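Two complexes come next, and they have one chain in common, subunit A, joined by subunit B in the first and subunit C in the second.
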Partner chain A sequence: MVISESRPFLRADGPDKVTGSGRYVADISLTGMAAAKFKYAGMAHGRITKLDLEAARSIPGVYAVLTHKDVPDVRFGAIPDRKLFASDVVRFEGEVVAAVAAIDAATAARAVEAIVVEYEPLPIVDDLEAALDENSPLVHESWADYDADHVVRDRNVASFSSIERGDVEAGMAEADLVVTSRFEADASHAVPIEPRGILAQWEGDRVTIWSSTQVPFQARAGVCETLGLATNKVRIIVPHLGGGFGGKCGFHFEAHVAALARAVRRPVKLVFTREEEFVAPDRRREGMTIDVTSGIRRDGTLVARRGRMLLDNGAYTADADFFPQLAAMHLAGPYKIPNVLIESSLVYTNRQPSGSVRAPTAPQACWALEAHTDELADAVGMDPVAFRRLNAIDSGSVGVVGQTYGEIGLQQCINAAVEEIEYGSDLPPDEAVGVAIGWWPSFPGPSGVYIKIDDDGAGQIITGAQECGTGAVMTIPHIVADELGMQPGDFELIYQDTGAAPYDVGATGSQTLLNNGRAALAGARELARQLKELAAEHLEASTEDIVLQSGEASVVGSPASSVSIVELAAIAADNNLLLAHGSSEVIETPPLVGSTCVGDQGVAAWSAPQFSCHAVRVRLDRDTGVVRVLEVSTAHDSGTIINPLGATGQVEGGVLMGIGQALTEGTRYDEDGRQLNAGLLEYKLQTIADAPTIATRFIEIDTPDAGPHGAKGLAEAPNVATAGAIANAIAKLVGHPIRRLPMTAERVWETL
Partner chain B sequence: MTYILTVNGTDYPVDADVTRNLLSVIREVVGLTGTKEGCDDCECGACMVLLDGRPVNSCSYLAVQAQGCAITTIEGLQSDGDLHPLQRHMLESGAVQCGFCTPGMIVSARALLDANPDPDDEDIRIGLSGNLCRCTGYARIIEAVRKTAAGDSG
Partner chain C sequence: MRFTKAETVEEALHAMAAGARPIAGGSDLMVAARQGKSPLPESIVAIDRIPALSRMDADERGMRIGAAVSHAQLEVDPRIVADYTALADAAALVGSPATRHVGTIGGNIMNSSPAMDTGAPLVVLDGRVELRSLDRTRQIDISEMWTGPGQSVAAVDELCTAILLPERAPRSGSGYVRLEYRRAMEIAVVGAAASVTLAPDGDLLAAISVALTAVAPTIVSVEIPKEAIGRPVDDDLLDRIAVAASERAQPISDVRASARYRKHIVGVMARRAAASAFGRARGETIGVPLNRTAGIGAP
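Then we have the complex of A and B:
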């Protein structure tokens, strides 16, 4: 463990954040800066019959109004099914039709109002089942022309995947009991407290874009692809980022703002309103319908599972092409089941596009699976925890795609979580405890850092990694300092700047510590080698005998023979510089064994999987249907925990988001496909008054093929099992599962 | 319209339209950007400032109405360059993640402690219920306020 109570974690960006001196995109102003606003479709499906910009362009102070005619004709996305601006058909209410740059935001807003667009309404596709009908209208008439050979697709099905192992028919025949359940989850949102901002400035043929993105290198790639620019002409800088939760993953509006800034020859800034933050980004958490049938023996052993899942892709495929397979894995779950067939489809609708919101597909699918699992336990008269202990995988188990798991801590997580909440003890009549288990993959990927020590001994870590609040990047100086016998405060971080740092995937997939942490470790070891060689020369000793600790390089066994790292830095400044780089090595994804996956997207067998068990105690008000979560007990296997304070913060925040998804957070639509609750008054986040007591335990297993010192990821895992645990607690109180997410007071009350 | 706003003890001449809200004037005219806009709807509390010690969502308060008031923003909490105990405890307790809600949260907590120097957890929950945080589970924020109230120097 790197960070202990004796060496507390004080995040390096903390003073900026508690004093208000830290800058977020909206806080940055440049001389001559214009304000941007978008004209949105405002309707779910229609063909543009008239687009008149003259009135808008004639308003004094309006510098430019851009449409599809002003940018290259390029399709982009995981399935290249969209363009920067609608040209012919609009497919969801938040689609950008035109972009305005004006002297100030009020003038830009007036110009947006003055843009005249007329539409021929087209039939709205907003029902997942109906969208599969061969007579259904198509969201994309020309779907077959899109270049996306990596997915299995047909008409309104953008991506289909299956997980198949054994013989599910034979398995069901072998079962003593067969239980079928159906669930439906509403869409929800990431809701970072910072609405996104983008500021673009051109100098010559180069553009610098300050963006509140979680993935600066992906944003850069998107700008280059859509505007036809070389990678080295585009620099993305992320100042402090006010949360993301996946909502700021991907490439969004950087190219629109860059195109505006180029057109008006001055900096242009876009800052979203809260309503825009709800409606426009292509990162909604997907709605889902879930059918699941399981066959079990009288002793509770699972023998077969069949599943069918429909995921609401929305109008365009942001990054959801792999979601069907990921969702299927969460409906299979971390269980031993010999016969499995789960078929999962990502379905186009005329709604906001879905995308990677914190643990995409998992909270909804886990919620359904874990409610179904309690139904299975009930069917054979078993305690639900005992049922999970019997059927959940353990070290050495073979999972649903034939992957044999190494040393894992799922069973220990179950034990720890139920022990902490005193499972089985007497409770008041309107209280109950529910338990759910979950899992989540690690996503190995390329990542790099540079590390240098300058002439005064002050260090810099220049990393491509992105900090979105989790503290993952803030942990990097601790890892580096630990290798070099220095203090974290000896290193300043240069980060979130594609113009300065090597590549990183970004704050997505809980991968920062996993990948950038390994890169930092590699870089630090290289710098340690440089320091040791220099010290060996200086102290006339062998390199192998030099140790680095407490800011000194000394000879083993001869502590008097030492030289400070500051002194070595001064020597190096006139010779070979102390300058290292590190890169994360490739971790191979495990193979599929004895299973078949149609439409395989590479997310069925997992490197360094993370496990969790959440147990919750709730109280139900039977008069109103209001459920209050009183206590949550969590246990997580995320490998070695390097930063306990940061790790606990991730679990607590994930649990709270999970409570919101369970009880209050769901998007409602009107019959014309528009969001009805695109605001914080109508879309309720959990407040401090709602927050329960949360206990967190970590089952620490030094995991091979994981991150630095055996750490796995953690930011998404705590967002997987909470809703399922709450569902099971409610079911104990009302006698049956609530089959729609969120389980609002109204929905609970209706079943009473 | 031209008028004076007193922010963190300094008088600032302001030339702004009478319809502008206090948040935009503090950020864009006075030039202090620590106060954040999260919703422009009084729902998130990121824009919280103190008017004569009273917490106010500055997004929904006309700037001209704040004339003659002592306005305190997050930038006004430090003294002699040292962190206010609330700022230090928020940092040390792990109550800060993305930091976007943090200034408003600290300002609300300051108002709470000024009014009630010894709050229990329920008082803290009520006092901060107008401030949304999406990153934490709120427990660390409660802990930071509790430690500040206790005068905990650790």
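Then we have the complex of A and C:
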């Protein structure tokens, strides 16, 4: 633990955010700045038969109206199936057809109204089963021409993946009982509090883009790819970011705004409305249809599982190409099952594209699996917790893809969560406790930092990492200071600027502390070496004997012989500078053993897997179907916990998001494929007034091949098991699982 | 656009006669404009700083609530909580603490949404609305106020100055409860208010009224069969109230709920409102708001 009560967590961006002095993209104004607005398709599927910009262009104050003709003809995306602007066919309501830059937002909005687009309506594909039919209309007529050899695909199936181990037929035959369940999950949203803003300004052939992105380097890559620019011509800066939850991962609209700014020779700013934030980005949490069958022995041992999953990709493949395999892993779950066959398909529809929202695929798949697991326990008359203890993996177990797990804390998580909630104690008749377990991979990747100490002893950490609210980047100064015997406050962060810092993949995949933390540790150790060498020279001692402590370098065993780091900094300023860099080392992904994956996307065997158990006490109002979550107890194995306050905050936030996904969130569509609740009144997030008591325990295991000091990731894991636990509590009260997510009051009531 | 701040009722009335529209808390007006539902009026007069409109006065005839009294004032006012409890139940549910501090009872009524929370309580409490224009002052029964969603009998130059609540009969109680999917920033999917008066001796029913929120184009009253009077308030009577409420409702299906669900829920809400009104009439302490004590997923 780097941060403890004696050295509390100082969140460097806290005062800015709390007092309102922090600046977000929407707050920035540049001289001569124009306002951007998009013309959206407004319909789910149609062929453009007419696109007339004359009226819009002739409005006074309109500087430019751009379409596909004004940008390079480039396809992009995980499967390159998308272009910046629709040219021929529109495939979902939020597809951008044209972009306007005008003197102000009101004029831009009028110009958008004045753009004339006519369509020949095409049949809408919005049913996952029907989309598989060989007579179904295709979302992409020319799917086969897209350059995507890394995925297995066919017609409306954008990406197919399977996990196969043992012999599922034989396993089922061997089972005493076979239980089949079907579940359906609606799509949902990330809903960051800040609707995104993008501001672009050209100077010569270089463009600076201020963007509300979680992934500045990916955004830069997208701009470079679509506008044909070198990476050193594009600088992405993120001022403060008002949340992301995955919704601001990926490359979105930076290139549109850059293209507008180049066309009008002025800075151009785009700020989304809340409705646009719901409809336009390609990062919705995918809807899912899940069929699962498991075979068990009478003693409760799992012997076989068969699964079939359909995931709603929406109209384009933002980053969801690997989702089928990840979803399959969550339907397999952290269990020991010798015979498994799970087939999972990512299906094109005429809906908003899906993408990485916090723990993509996991909450829905875990919800279905854990409800199914309670059905299995029930079928053999076993307590659901005992059933999990029997079948869940433990240290040394072999999991569904043949991976042998090292020291892991799943069983301890189960024990801790059920103990905390006093599982099994008497409850009033309208209350019940449900339990679910979940897992999530850590994603090692490249990441870098520079660290320097200037002449006055003040330090700077220049990191490629992006702070999306988790506090992960705010933890970096603590890691660095800890190595150098300094204080976190001795360091300022320079971050969220691709023009200044080395690469990092961004605030995505729970990887900031995991990867950038390792880079920071490496950089700090390098700087420590420089300090020690300098001190050794100064103190006439050997480098190995120097210790850095309390702002001093001293000789071990003779504390009187010491020099302050401030003094060393002054010396270095005239000689070799105190200037270090660190980079995260490669961690090899474990191999698949004894299992096969068709359409392998590399997310079946996991580095440093994280585990969790959530136990939830709910109350059901039987007359209305309204469920209230009263208490949640969670236990997580995310390795070593470096920042307990930040970690607890992550878990509490994940739980609250999980409650929303379980009960009140969920996107509704009309018959024409348009969102019905693209706003905060009808898309019901949980509020602070709804927050239950949440108790959090960490099972700390110093994990090898993980993050700094044995830490794993933690940002997504808390969002995995909550919905499943709530489902199981409700099922106890109503006598059967609710098979549709979210489990709204009306849906619960319908089954009573 | 023209914006004036009135310091007296007379100033406000003059401005309105000249075409200005009043703004109190602005929590409906501004939100509707931002959402593009209805543009901001060309001329606006602020009425939230008029002392006479922000007062609550009580005497033996009842209570006079200034139109600019906020929900936050209502939910904690001892007289409202004690005697006009349904109104406190409703005020305490509006939006969030911030909404309750800016939002006013006058704005709630004059906005004339069928989902307004104070409407049904005011109907069962026999409220009257005082409307003033430059040339006249009139009072009308609140049950005659609304003619459709966003529509009322008030003329454009009429300012709502107060809501008048008659003195409550002894042994009376009232309550308001609504369906909610979350505990703040919610809109009534369905709600019901009830007022119950018991006979001076014993617990037999002397008077009852029930009104419903968000199940028709306006707040509507439920006809309770005459036979109910003189009877004990038991499960049988409460069931009948629930049935009468469900029958009275003409709900729609939308993204918030299906008509079928709403029709069922309005019965549940009416039953709970009536049961709590009965309890309060008998002197039981049932906390405000009812949604937290006897309502949805309590506590």
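The definition used in the following text is that the second predicted complex is superposed on the first by the 752 of 752 C-alpha atoms of A that agree within 3 Å, B and C clash if a C-alpha of one lies under 4 Å from a C-alpha of the other, contacts with A are read in each partner's own complex, and residues count from 1 in each chain.
As a convention for this text, contacts are C-beta pairs under 8 Å (C-beta built on N, C-alpha and C of every residue); 3 or more make two chains touch, one makes a residue touch a chain.
Given the structure is predicted, the values throughout are model-derived calculations rather than measurements.
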Once the shared chain is lined up, is A:619 touching subunit B (first), subunit C (second), both, or neither of them? second
Go through the superposed model and pick first if A:689 touches only subunit B, second if only subunit C, both, or neither. both
Given the touch rule stated above, what does A:681 touch, subunit B (first), subunit C (second), both, or neither? both
With the two complexes superposed on chain A, say which partner A:517 touches: subunit B (first), subunit C (second), both, or neither. neither
With both complexes overlaid on chain A, does A:193 touch subunit B (first), subunit C (second), both or neither? first
Taking the superposition on A as described, I'd like to know which of subunit B and subunit C A:23 touches: first, second, both or neither. first
Greater residue coverage of subunit A in the superposed arrangement, subunit B or subunit C: B
Just checking: does A:599 make contact with subunit B only, subunit C only, both, or neither of them? Give me first, second, both or neither. neither
Which residues would you name on subunit A as touching subunit B in one complex and subunit C in the other? 680-681, 685, 687-689
Of all residues in subunit A, those that touch subunit B in their complex: 8-11, 13-24, 26-27, 29, 191-195, 240-245, 273-274, 468-471, 645-646, 648-649, 651-653, 655-657, 679-681, 685, 687-689, 691, 693-694
Where on subunit A does subunit C make contact in their complex? 619-621, 623-624, 626-628, 663-664, 668, 676-677, 680-682, 684-690, 744-746, 749-750
The subunit C residues in contact with subunit A across the complex are 96, 179-185, 187, 255-258, 261, 264-265, 268, 296-297
Mind pulling up the subunit B residues that touch subunit A in the complex? 27-28, 32-41, 43-44, 46, 73-75, 77-78, 83, 87-88, 90-92, 94, 96-103, 106, 124-126, 128-129, 131-142
